[in-house]
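The same subunit A turns up in both complexes below, where it pairs with subunit B and then with subunit C.
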Partner chain A sequence: MLVDAFLELLNLWVLVAALVGIVAGIIIGAIPGLGPTMAIALLIPVTFSMEPIPAIILLLGVYQGAIFGGSISAVLLNVPGTPSSAATAIDGFAMARRGEGGRALRFALYASVFGNIFSCLVLMALAEPLARFALDFGPAEMAMLMLFALLVIVLFGGGSRLDALIMVLVGACAGIVGLDPISGTPRFTFGSFAFENGFQLIPVLIGLFAMSEVLLQAFDREPLVGDAEVPPLKSSVVRFVELWRMRVTLLLSSLIGTFVGILPGIGSTVPAFMSYNLARSRSADAAQFGKGAPEGVAAPEAANNAVTGGALVPTLALGIPGDAVTAVILGAFMLHGLAPGPFLFRDHGLEVYAIFEALLLSSIPTVILGLLFFRVAIHVTRIQPRHLLPAITILAIFGAFSVNNSLFDVWVMLGAGVLGFLFRRAGFPLPPLLIGLILGAPFEQSLRQALLTSGGGYGIFVGSPITIGLVALIGLSLAISLTLSLRKPRT
Partner chain B sequence: MTFTRRTSLALLASIAITPVAAFAQEDYPSRPITIVVPYGAGGTTDISARQMATMAEKVLGQPIVVENQPGASGTNAMRAVAAADPDGYTLIATTSSPSFVTPALRDVGYDTLTDFIPILNYSGPFHGVVVPADSPYATLEALIEGAKSGVVTYGTAGAMGGAHLAFASVAKDTGAKLQHVPFDGASKATAAVLGGHVNAALVPAYRDLVQDGQLRLLGVLDGTNDPDFPDAPTLKEAGLAAEFPSIVGIMAPAGTDPAIIAKLEAAFTQVASSDEFKTFMTDLSQPVRIMSGAELGKTIAENLTAYRAIAKDLGN
Partner chain C sequence: MSSRTGGGFARPGFRLLTTGLMLAAALGAIAVLDQQIEIFGFGDSGPDARSFPRMALWLLAAVLALRLILGLRQADAPLGRPVRLGRVLAVAAATALALWLMPRAGFFVGAAGAGIVVALVLGEKRLPALILPFFIAAIVAYGGRHGLNIPLP
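So, the complex of A and B:
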């Protein structure tokens, strides 16, 4: 299987897709204010006519490239391209001001690759066994798992819990529109045929993450980056010994990233800061942290790259995405006929393993291209997003239309864009809204399916070892969250 | 009648147009033909329609473009094709659900019988009644009898689909307590029956799981037996007055020139009956089931009536 999957990769288009994806990702990620979620959302429609393997590899390449690109603007300009590289900026920018920007970027690059490889191995080890286990997940188990996922994003997603709760509920409410999943009757369609399918994920995604960014920047009078002086980039090397010295930090950070990634809904910002703090507390020279410690760059970068592999485990095995980015990738998988769940590995094992191996091997081009792009990256970071806004708008409209060749989806995209703009302007986080939209309707369906099979009895939600375990997890996370907030001194 | 410049122009124009209209069917096809598929790219309907198109291009001598218009269980695409010019250049490769199931339930904005001319039927996956291999029910009768004493749950690909309606009618006729549990697609319903979360499932693509001994096939919902499992009875053979025939056929908007329809029917039938197409469909685990346009029209008409009656009984 592994060999056959590898042979699938020996295809010019796969290589082209990987290289194009990584380069596009590095460039988009390096532009301050443009992040990986937006890059993937915009590029999904471009992959429509491609074969599944190159299509997914292109998108994963964009993602990997964009995460690294995000650390370029974080290190050189102190403007994190993504929230998850905010932790990288602390020590990275300090190093850059010392004239060690090149070294900081190299540490970031090698740590990213380490985190990626580590989590990819975990993914390959865990996803298929978990998928085999997936037949045991009936409606009741799925309902409890999704409840747990929604709870986790509200309680531990970072930021205000009330904000996250409101956003999850907004997303779940948007999921009600369309045909009732159990009785098949139209809900909130206002007699329009176009509404019967509900709001399609991809137009909503493009609207929330690309269109809202355009509106946000168009209405924002203060430019994100002024004509700030970019620190000089001296040629430098990072020796293997230096990485070997921080092996424990790299390993622990990758572990944190991977396993937090497996928990649905948290995303990569929390593990990045968790591993930054852990690296600082373990360091013999903690005072150096914040003043330009290489480990302070490596730890969060290893963690936020490791999240991808972890987050893909529940996404592929059970169809429950871990964060906004995997939600987008899940959309891409379904679009290309690779439906996650117990049959994914049986029906599409070859494709899935080819994608895993590509994810693993794409570290090589990422390193090469990353090293090549340092020089160019300085110029890329000077690109003002406003010059790209027209192009993003056109891509967004084109992309939304091409999903179903329907103009209705374009209106959905624009609506989601305006809504996303208003929410972001008001300070609400968007990822919980997306997870609410993705999990809301299936949660309702599973809940009602479970009650149909049990004849209306609620006992089914504690009727199997899996549901009991999930209920225990739900109780545990509520308890942890409660103790933490009680212990925290009120300010 | 005085000849003004305008009338003479009109006359000239009509002379110019008449032969084009008269000989349109002889020239047909003179430009690329579009076949609309009401589902997304990569599904079995899409893949088989694309193969059909590629092979029919050689027969008709013009490119055939397959266009996907997914959404609203296929009714969006049907509505669009019903409104298209009936010139033979816009066709649809459609299935049971948007042809006679959904239109029986609610207003969909088209009437399959008056807005379309069926050209031919070329496939249609068999839907089976399957139970887990360790299920106590060995036959359809046993399943129905079992459902009289206690509730039997069955999963289908979705609410108000053909399979659901067929079994709802069985439940009504026999008084069996058959509880429907709709899933999001047939593969999730199959997973649920494999995991034992429902007692039975009405799903297509059961062949490998049945041959592998993971599922037991009690019967098929179609009007004819599945050639792979000739022993599995149809619902009618089991004494139940319901069926859900599965169709995959090509239709044109009503008003299309009969000569064009005849030409298309001949071309597509030639393709569908070829060995190359059969081999392709076997690899896709799909049967080749050829019906003429007239037969397909009759099947749709009969089932539309039957499904309207079932839907009425269900209170829709």
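So, the complex of A and C:
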């Protein structure tokens, strides 16, 4: 299988897709405010006419490039391109101010690649066995698994649990619109045929992440980056021995990123700060952290890149996205006929392994292109919103239309954009909404199928070792969350 | 955002507005639920097509009501000057107008128009920069139609 999958990669278009994706990702990621989620959502329509393997590789290349691109503005301007780069900015910007910006970016790049390789290996080791195990799941097991995933997002997603619960429920309620999954009865369609298909994922994503950004910038009308001077970039090198000295930090940070990534809804910001704090607590020279310690750059970068592979484990094996970006990638897989879930590896194993191998191998062009393009990307951080956002508006309209060639989807995108603006201004988190939208309908379907099977008896949810295990996990999560809340010092 | 205000109620802001709107929508959906979801009974036991929506909507209304009560005494994101909200409305209205126009005037005209309005709202005054959305819309329309075979309006 691995050899056959590798042979699938020996195609010029695959190489072109990977290179274009990484370069586009580095440039887009370097622009503050344009994260990988928006970039991938806007680029999905471009992949419609492509074969599934190069299409997904292009989008994953954008993701990889954007995570590194986010560290460019974080290190050189103290303006994180993505929220997860905020931890990188602490020591990266301190290094840049003393003229070591180039070194800081090299540490960030090598650590990113290390985190990516580590999480890809975990992904390749875990995803298929997990999918094979999930083949034994019936509706009751699937319902409990999705309940567990939704609960994890609410309890451990960071921020207010009440807000996360509201967003999960908003997503689940939005998923109700359309035809009932069991009886086919129209629900909240208001007599319109267009509503019968429900809200499509990609237009909602484009609205929530791209259009809402346009509306937010119209509200704030502030430059993405101020007039701060870019510190001079001197020629520099990072020797292998310097990376070898921080091998334990890189390994622990990658472990944290991968395993936090597997948990749904937490994203890459939390593991980046967790790794930064762990690296500082383990360091013999902890006082140097915050003043320009290379390990302070490497630790969060390894962690936030490792999240990709980790988040793809439940996304591909179970159809449960780990964060907003993997929710978008899940949408891309579905559009290309590769429906994530337990059957993905059985039905499309070759394509999936080719994508895994490409993700692993793309570390090489990421290093080369990262070193080549970070000087170019500095200029990109200076782009003003008024130059960029009209193009994003046009691409958002085009992207939403092209999913089903329907203007109804563009109206949905605009509605999602307005709601996204209100939610973001009000401080409500968007990833739980997205995951609620994706999991709401299958959760209801599994729940009702299980209850139909049992004749309405709730005992089915504790009727097998798997469901008992999942109920125990749910109980454990609630207990951990409660304990953490009680221990947290009140201010 | 979550910090408490002194003693009285907080000044209403985006959080209160959004929570209030969502609560109104949830209650509205509950009110029309029976009308919007017809049930055809086949004698099955267990939940029907209305059960999950009813449960999810009531739960949502309850947590929103709780958020509203808790939010009354917490500092809120200010709504800001009317001109700022006016800019948001202008962008949303221009995009809506573009969508309404698209079946009649085509994708290119609608998208270019929306792009130019966005540039103007964001403070662009220079003519070359205002023409930029025009070229972007042309490239996207041409590429979409001929490169990706998408039947744009």
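The rule is short, and it goes like this: the second predicted complex is superposed on the first by the 490 of 491 C-alpha atoms of A that agree within 3 Å, B and C clash if a C-alpha of one lies under 4 Å from a C-alpha of the other, contacts with A are read in each partner's own complex, and residues count from 1 in each chain.
What we mean here is this: contacts are C-beta pairs under 8 Å (C-beta built on N, C-alpha and C of every residue); 3 or more make two chains touch, one makes a residue touch a chain.
All values derive from a computational prediction rather than experimental measurement.
Q: Subunit B or subunit C: which reaches more residues on subunit A?
A: Of subunit B and subunit C, the partner in contact with more residues of subunit A is C.
Q: Between subunit B (first) and subunit C (second), which, if any, makes contact with A:342: first, second, both or neither?
A: First partner only.
Q: Taking the superposition on A as described, I'd like to know which of subunit B and subunit C A:193 touches: first, second, both or neither.
A: In the superposed model, A:193 contacts subunit B only, not subunit C.
Q: Between subunit B and subunit C, whom does A:46 touch in the aligned arrangement: first, second, both, or neither?
A: second
Q: Contact-wise, after the overlay, does A:290 reach subunit B, subunit C, both or neither (first, second, both, neither)?
A: The answer is neither, since A:290 touches no partner chain.
Q: First (subunit B), second (subunit C), both or neither: which does A:405 touch?
A: Both: A:405 reaches subunit B and subunit C.
Q: For A:390, is the partner it touches subunit B (first), subunit C (second), both, or none of the two (neither)?
A: second
Q: State whether A:129 touches subunit B only (first), subunit C only (second), both chains, or neither.
A: After superposing on A, A:129 lies clear of both subunit B and subunit C.
Q: Could you give the residue numbers on subunit A that contact subunit B in one complex and subunit C in the other?
A: The overlap between the subunit B and subunit C interfaces on subunit A comprises residues 48, 180, 182-183, 186, 405, 452, 455.
Q: Can you tell me which positions in subunit A touch subunit B when the two form their complex?
A: 48, 52, 134-140, 179-184, 186, 193-194, 196-197, 335-337, 339, 341-343, 404-406, 442, 445, 449, 452-453, 455
Q: Considering the complex alone, what residue numbers of subunit B touch subunit A?
A: Result: residues 40-43, 67-72, 75-76, 79, 105-106, 108-109, 151, 153, 158-160, 179-185, 187-188, 190-192, 194-198 of subunit B touch subunit A.
Q: In their shared complex, at which residues does subunit C touch subunit A?
A: Touching subunit A from subunit C are residues 1-2, 13-15, 17-19, 21-22, 26, 29, 32, 36-40, 44-49, 51-53, 56-57, 59-60, 63-64, 66-67, 70, 77, 80, 84-85, 87-88, 90-92, 95-96, 98-99, 102-103, 107, 110-112, 114-116, 118-119, 121-124, 129, 132-133, 136-137, 140, 144, 147-153.
Q: Flag every residue of subunit A that touches subunit C in the complex, lowest number first.
A: My answer: residues 45-46, 48-49, 160, 162-163, 165-166, 169-170, 172-173, 176, 180, 182-183, 185-190, 211, 214-215, 217-221, 385-387, 389-391, 393-395, 397-398, 401-402, 405, 407, 410-411, 414, 417-418, 421-423, 425-428, 440, 444, 447-448, 451-452, 454-456.
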